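Chain IDs A, B, C and D follow the sequence of writing; residue 1 opens each chain.
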Amino acid sequence: MFDVIILFITDLLAFFGIYLMLNTALNIERGYAGIPNFGLLFSYAGGAYITGHLTAKIAILLTGAKVEADPITQPVSALMVLNPILASNPLISITLLIIILLIGASFGALLGLIQLGPAIRLREDYLAITLLALGEVMNYIAIAYKPFINGSLGVQVPDVFSWIGSRYRFYLATGIILLIAFILYIYAEFLGRTPLGRAMKAIRENEIAAVSLGKSLTRYRAIAMIIGSAFTGVAGSLWTLYSGAITPTLQRFDWTFLPWLMIFLGGIGNNLGVALGTFIFVLINRLIIFNKHLLAGVLPFDIVWFDYISLGLIMGLILIYRPQGILPEKPYIPKNIRRKIVVSRSQE
Amino acid sequence: MLVIEKLNSGYGKLHVLYDVSLTAKRKEITAVLGPNGAGKTTLLNSIFGLADIYSGSIELDDERLNKMPPHMISRRGVSYVFQLMNIFPNLTVEENLRLVARFSGMNHKDIENSLKEIYDLFPILKERRRQVAGTLSGGERQMLAISIGLIKRPRLLLLDEPTAGLAVRYVDMLIEKILEMKKTMDMIILLVEQNVHKALKIADKVYVLVSGRIIFEGTPSELVNKEDIAKMYLGVG
Amino acid sequence: MIETLISGITYSSLLSLMALGITLLYRTTKVPNFAHASFVVFGIYTSYTLALLGYNPYLGTLLGFIVSGIIALILFYALLEPLRRRKSSIFILMMATLTYDILMFGIINIYADYLQTTFKIPARNVYLAPQDFTLIGLKGVTIVSTSLLIVLLMLLYILLNRTIIGAALRAVMENPSLAQANGINVSLMLALSWFLAGGLAGVAGALLPMYMMTDPSTGMLLIAPMFCASILGGLEQIYGAPLGGFILGLATTVLVSWLSGVIGYWIMTYSLMVPYITLIVTLIFIPRGVVSIILKR
Amino acid sequence: MKSIEKEIHLKTIGITKRFGGLVAVNHVNINVMRKSITLLIGPNGCGKTTLVNTITGIYEPDEGEVYFEGKNITGLPPDRIYREGLVRTFQIPSPFTKLSVLDNLLVAARDHPGEKFRTHLFRRSWIKTEEELINKAFEYLKILGLDKYWDREASELDAGGLKLLEIGRALMSDARMIILDEPIAGVNPRLAHNIFSHIVELRNKLGITFMIIEHRLDIALRYSDYVYAMNRGEIISSGTPDEIIRDEKVRSVYLGEV
């Protein structure tokens, strides 16, 4: 029983961490810069698939191991050589993890720019169409181009967490996911308080006024998209590393719609709200999934479709009744200035 | 007869008009004057159901218009000629007119008669009837906008600054036409103008609206004699 | 080669029907409808259900028009109209269509599960081409889709230009506030445009299983080509949609098959990429569509 | 000294802007002298705002050229024109609604190192600039009487407050020339006079050139050096305030007197 609870909590926290990264990314893109990124899947899948493609290759380079088998098409035999080396060598494992995450971030950022590029100057609706349309492309590429992640079969990746012992592997992975999610969250909050974040929000609030005050629309949109997509790419990388394998089946529902639902629930533009929305959603969602077997056989259809309907309904209700979310956005007021003002007032 | 009593209205939290009362009679031109931002357009919007009414009443021939949606008010015989965006730019001149006529439930014969009347009033529109409305000059465009308002033979015509931004020859001509409309057509004309001089020339009754309140009510000659109001409106000391 | 051309024309006709609805909705409600693929999928399952019940699947075009039209009306009245009344932004409206797409995806899958258990058939591989007829060497779907496109375009033209309702619809597209000021019930006209757009997508969907293997997720595959065709034609002009549909449809089929002869067969696996590339090129060079170039001259 | 003051700061040559068949601005030539307060007057819909939009890059002119400080800026995008040192406000206030009043002003600052992607992470590299800017912003907020509201959401200001916020943003931009579109519409007379005396002060102290669109001539004329009167898209008269008041053409079309 205790094990089950631990398992549940680890799984919950891992999902929370991954979604927190995605949602803060989306919050930077939409909540700060006003980009309606309906194609979050593009850079997320990009990060996940490039990790699937490169992890083994980089591991071979780092360890210098002699691997005859092609790590993409014959992953099992390649991993038989690589995994023991990684398991016995924490230093190489961690280096590999860091390299992979950096690659995930830069590939994600690049993809974000590619996705935004054609519509960067255009109106919000064209922007949304372009981003949404390109969202699915990464799956088609991964399926069509076999050497990428072995087509629709997918690949397994070397385990960078098992050096702590296979028993604790998931705890470590979850811990690292949470740590990185936390760092990204802090960064997003920091960005919101910098002049850069302020300029992004100005563009979101009123394009023409912001441009007339010298803010370049394309420049700030691009920066927000680069930052956001880098986050998304990292989340994709971690997802692959956490799962140990990846197939080109990442869905728009899970990796675009749900993040939107969570940030709407929590409050777009407010990082704390986003984190809260993410936690509430993931908790309920995991509880349902964990207890789904209770419903199997009762319903005449696959329970998974029920998710689509219930979550669609919830989103509809949020849109109509509380589009600002649980914690609506508030202007940022630096405390030290407030203090200064109070002092100067009292002197007068 | 249009009777407005103690009207308070605005947009959401923005309260624009305060206790505005106004009466406009059939076969008369009632002009509402006032400086920019005084709430003149809001008054017209309130009559037409486009603003939020907090209190007061608007009655046209003893029928209450408050709370009716704009398309129902329109069907009660009210035409509103906006200051801007007042034509369908990609339809031809005649399509503009016929479209609106058909939607007011007129039969074929009435439409033809009404069209003839309008072409008599504005011969230039007859010349241009096959032209796409978006390519008309400013003055012609304004004539078309007024004609769109007239085609369904309204009981009440609301005109929002019809001469704004027009070339001189059009201003005089349009003012003449409005006078002609008053004489030949049986309707109430409520005119919002900032061209005081021209408005005073043709109006039967004048209201001056400043900061959302009516500060003067009377005939044009009475207004001309009250110098302080003229000054306040004109904004020149 | 001729066969590819014929297949290309069929695909283009179907694509045009879908893109037509997107452009129509964009002109009236000013919102890109991300739920359009769901309307198509409902069409697919309408003709499939008819086929299962032993009727001619071509009856599905008529029934699909009504079913998908109603699905679109529900979206309009349940989500978009309340949001429009609250003066929600275009962004919120887009989000609402995306949400509805998700909701409908769940519903159609449950329906597929239901068919599967009731008829004991695999309801996720809907392919009706084997039941299609042939006439003078042409497949039924080719004849029906092209002629339906022509007929529906003509009907749409007559509706918009020869009837009073169509005139009102055009007035709403041109200047909604002026239309409303002249007694046109704008909300009702918007509802009509949603019904028509949903219906057109339903017709296309009903014909789709005669042309290709379909399933509930076919919609996701189609969303990019539909929007691409619509933008390629030009969102500002209704009749741009079939133009965009044919350019894109022929490029995806004929051009790719010609290229596979020249470059190599492997290129075929990337034919799915054509709409994306076309979309990118269009947005960079002619964001207002092909029609805008033609009209300028 | 004299020659610098006589220098032309902004010059338009034959600016024309059409919308379909509508000629909104018709061959307009104006010269705004450096360090002057130049008024642009005319009835509603006469094309004043369209002229300003065409000068500041919101619209591209159909004909004609705009020179700012001797440089041709015709058709440049708004952010480039800001960079050249020419800033404008909007007739309909366009605040950044969800930002605080203070942030609204700070957004307008020029070349803020904290706005650069490369340096934004290093707080130390921009915090000094930020503090200086905050002090400067508070000075302007005090002048405009907005300092009590510095931490409110801009959407909480009333119509007059939003007008003032527009002006504050323009001042914050360190522009050499500012175009104000109806800065005192909806502002009470006392504050309006206050604003104009501050404009004069800023001109005298910092040498900023002002071009001002205004309807309330009773207030505005008193503070201006030169006036252009527009009607129906054309300049119908220009001169000193005294000359303009006496000009028959201006009286008849603008003031509506017989």
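Simple rule for what comes next: a residue touches a chain if its C-beta (ideal position, glycine included) is under 8 Å from a C-beta of that chain, and two chains touch if they have at least 3 such contacts.
These numbers come from a predicted model, not from an experiment.
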Where the contacts of chain A and chain D overlap, which chains show up? none
Maximum centroid distance from chain C, chain identifier (CA atoms): D
Interface with more contacting C-beta pairs, comparing A-C to B-D: A-C
Separation of the C-alpha centres, chain A versus chain B, in whole Å, is 56
Compute the distance, rounded to whole Å, between the mean C-alpha positions of chain B and chain D. 33
So how far apart, in whole Å, are chain C and chain D when each is placed at the average of its C-alpha atoms? 49
Two or more other chains in contact with one residue: find those residues in chain D. none
Touching two or more other chains, which residues of chain B qualify? 89
Spell out all pairs of chains that touch, sorted by label. A-C, A-D, B-C, B-D
Contact set on chain D toward chain A in their complex: 56, 58, 77-79, 82-83, 87-88, 90, 94-100, 102-103, 106-110, 112, 114-117, 120, 123, 126, 130, 134, 150-153, 169, 173
In their shared complex, chain B is touched by residues of chain C numbered 164, 167-168, 170-171, 174-175, 177-178, 180-186
Quick one: which bits of chain D touch chain B in the complex? Just the residue numbers, please. 20-24, 43-47, 159, 182, 185-186, 215-218, 232-233, 245, 252-253, 255-258
Touching residues (chain side chain A, partner chain C) in the complex: 36, 38, 117-119, 122, 124-126, 128-130, 132-134, 136-137, 140-141, 144-145, 252-253, 257, 260, 264, 300-302, 305-309, 311-313, 315-316, 319-320, 323
Of all residues in chain A, those that touch chain D in their complex: 191, 194-196, 198-199, 201-202, 205-206, 208-217, 223, 226, 269, 329-333, 337-338, 341
